[in-house]
Each structure stands twice: as structure tokens, then as C-alpha cells.
């Protein structure tokens, strides 16, 4: 049994930009040499989250529209009244989606469905470069 | 320390059908022989999710009604405009709930609350048979 | 590789009370002696959840307001019609947020962002004392 910590770099446009990181996570598992275990994909920050979707153009519009209903960009947030950075909606969306996803793998293959990709959703209100943490545990 | 991969089979009616898998997860931990660790319950697919609830008839209605507010079945989705499979709402709900749940166990018992069950929620728009992945890590 | 099970005690006022447990999780990792791995923060109960936020006064108001939109306190719930405990909204919010969060750590430090804290959100409709489970796995 081993623990390997790795990171992957992403660039996003913010505003609920959805980034497919599946290939980068697979590469990290390959590099780790670990055959079977779990990888925890973790966003070190409070304005982005992680989940899985079928990464296709329709859902890349549907999902931001759904988040716009839950925490509208132009509503009033107490966070913005204090900090004036205008990203209260980003914080609320990220807290609801969650910053951590644990995916099992076996024989170095992620046990995802055929039409299921791992995505980072960046809710911030500006372009961001981020380092996503991967914690790989297994044998 | 060991990693054991198992699967459990479920049959669902779709349309936010909520399936209690707690007993099957407990059985898999017993079969693994691992005393203490974590089990990651993972949905390999993009139209179902996993969480915990008190599994009682009232909440089995309340939770679907809440998801209907967040992503209504009969709203228009870009996903459906392209793919015509009519399950855009299923994808949005599943992405928001999440496909992975990690539960600790000790002495082969899940550390759940008394009125807390592990459930798969199948959001798809048709009956489905699914295999849910269990990744058990521990000693 | 080792598995260490620990608990942390919290007292909450309920009604979407948000409790910062970051320092307690860090202390548990220090006590475990494990250098690198993951900690799963798990709520053994069905009326509270766990996530991360920037723990500042504005968001401590924004997040409860967002949950009030998703599952309003004074709406009618089937759960309450049966059990008369008046916390149907608590169950729905908790199921949506999720009861489990896995956070990586390295050299005994949680790999959180600078303005990112681990929080328990207690959605119940009364003050509660809870024990939160920490499952620490690593080497």
C-alpha cells in the first residue's frame, strides 16, 4: 500500500467553466505505478468544485443554467457587501457542489462509465489558473 | 492494508427512484474480511447519484420533489435538443448530487447514524439495471 | 499504511448553523502520527452535512439563504406529515449537501486553500451535540 500525492494544472475562464480532467487523472494513476485503489480529486480553493458529467456541448450549457437558478450571479450576497469582489455566487455554488471526489480504479483504469468524465467546475468570476490535488492510495 | 473491489447490482424504475443499498454494502464489507477502513460507493454512470437519507416513505417523496424544483423534468435542456433521449434533467440532477460517497467502517460495521441509510438515486427516465462499484480500503 | 478512527465533538444551534472544524481535524491528524493520506470527515446522522467554505460572516448568511430557497423551512414535507418532528427541510438539505468529505494531507498538513475551511452544516431544527467521525488512512 502506498500514498502518492500529485497535482494537475488547469486554466479556466471562470463563470461556471467546466474542464474535463479525466485524461490527466488517468495519466497520474499510470505514473504512480499503483494498480488498484482510489484517487481523490481535490480543489484547494473555495470557488470551484468537482463532479462527473457526460462531457458534451448540451450539458456544458445546461449545468451552468441550473447553477444560475440556484445561486444567481446578479443576486445580492452578504459576501460581496463586505469584500466587494463580486464572487458571492461562486462561493455558494462551490460549497453546494463540493470540492472533493473519490474515484476507484483497478488495473490502473478508472472505474468510470462509458459516458462519464471527471470535471472541475470553476465558478469564480474571472479566469483562473489552478492546481488540483490528486491523492492516490492503493497497492 | 488491502484494497478489495466489489460490485452490487440494483434494479431501478428511474425517475428519481431511491434504492437503499446499506445491507448490500455491509455484506460486501463482511465478505472482504477487512476490519476497519473506508468503502467508496461509486456510480459508474452519469444519470444516477449516491447519498444518505433516513429511508422512510415521507422522504422518498420529499427528495424527488426537491430535485424537481432544481431541475424540472419538463424544462428544456440543450442535452435533449442534441441527443433526443429526454434525460437532460437526469444528467443535471446527477451531476449536482454526485456519484461517489465514502463511508468509514470499524470492526466491520459502517459508522452510520441509527436512521441513516446509503441510497442510490436513479434519475434516468427509464428502468435501469446498474452495477455499483464498491472500493474497500483498510486493514 | 494505517487506519486511525477518531471523533470530534461539536455543539450546534441547528437551523443551518455552520461550524468550522478545520483546527480539530488538523489536531486529529497530528495525533494520528500519519504523515500523508486522506481524512474522511463523516456525519453519522441524516440532518447535517459537510463541505468547505471561506469561513467569513457574509457567507455564513449567504449559504443558509441559498438552502432556504432549495428546501424552504416552512414548506410542506411528507416527512413531517408522518413524523411531526418538523425537520423535513433538514433532511432534504442534508441529503443534497452530503454527509462525507475526503480531504488529502501531506507532511501532516491538510491540502486546503488559504481561504478554505472544513465546515459541518447542521440543518436540524433544534440545538444538537454531535460526534463527527474522522477516518484517517495513510502512511
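Going in written order, the chains are labelled A, B and C, and every chain counts its residues from 1.
FYI, a contact is a pair of C-beta atoms (placed from the backbone, for glycine too) under 8 Å apart; a residue touches a chain by one contact, two chains touch by 3 or more.
What you see is a predicted model, and the numbers here were worked out from it, not measured in a lab.
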*For the Cα fit of subunit A against subunit B, please give the angle of the superposing rotation, nearest 5 degrees.*
120
*Look at both sides of the subunit A and subunit C contact and report whether the same residue positions are involved, with over half shared, or different ones.*
different
*Can you give the whole-Å distance between the Cα centres of subunit A and subunit C?*
19
*Check each residue of subunit A and list the ones that touch at least two other chains.*
1, 70, 96, 98, 102, 137
_Which residues of subunit C touch subunit B once you look at their complex with the stated criterion?_
1-3, 5, 40, 42-46, 70-71, 77-83, 88, 91-92, 94-96, 98-100, 102, 133, 135, 137
_Looking at the complex, which residues from subunit B come into contact with subunit C?_
1, 36-38, 51-54, 56-59, 61-63, 66, 69-70, 96-98, 101-104, 106, 111-113, 115-116, 137-139
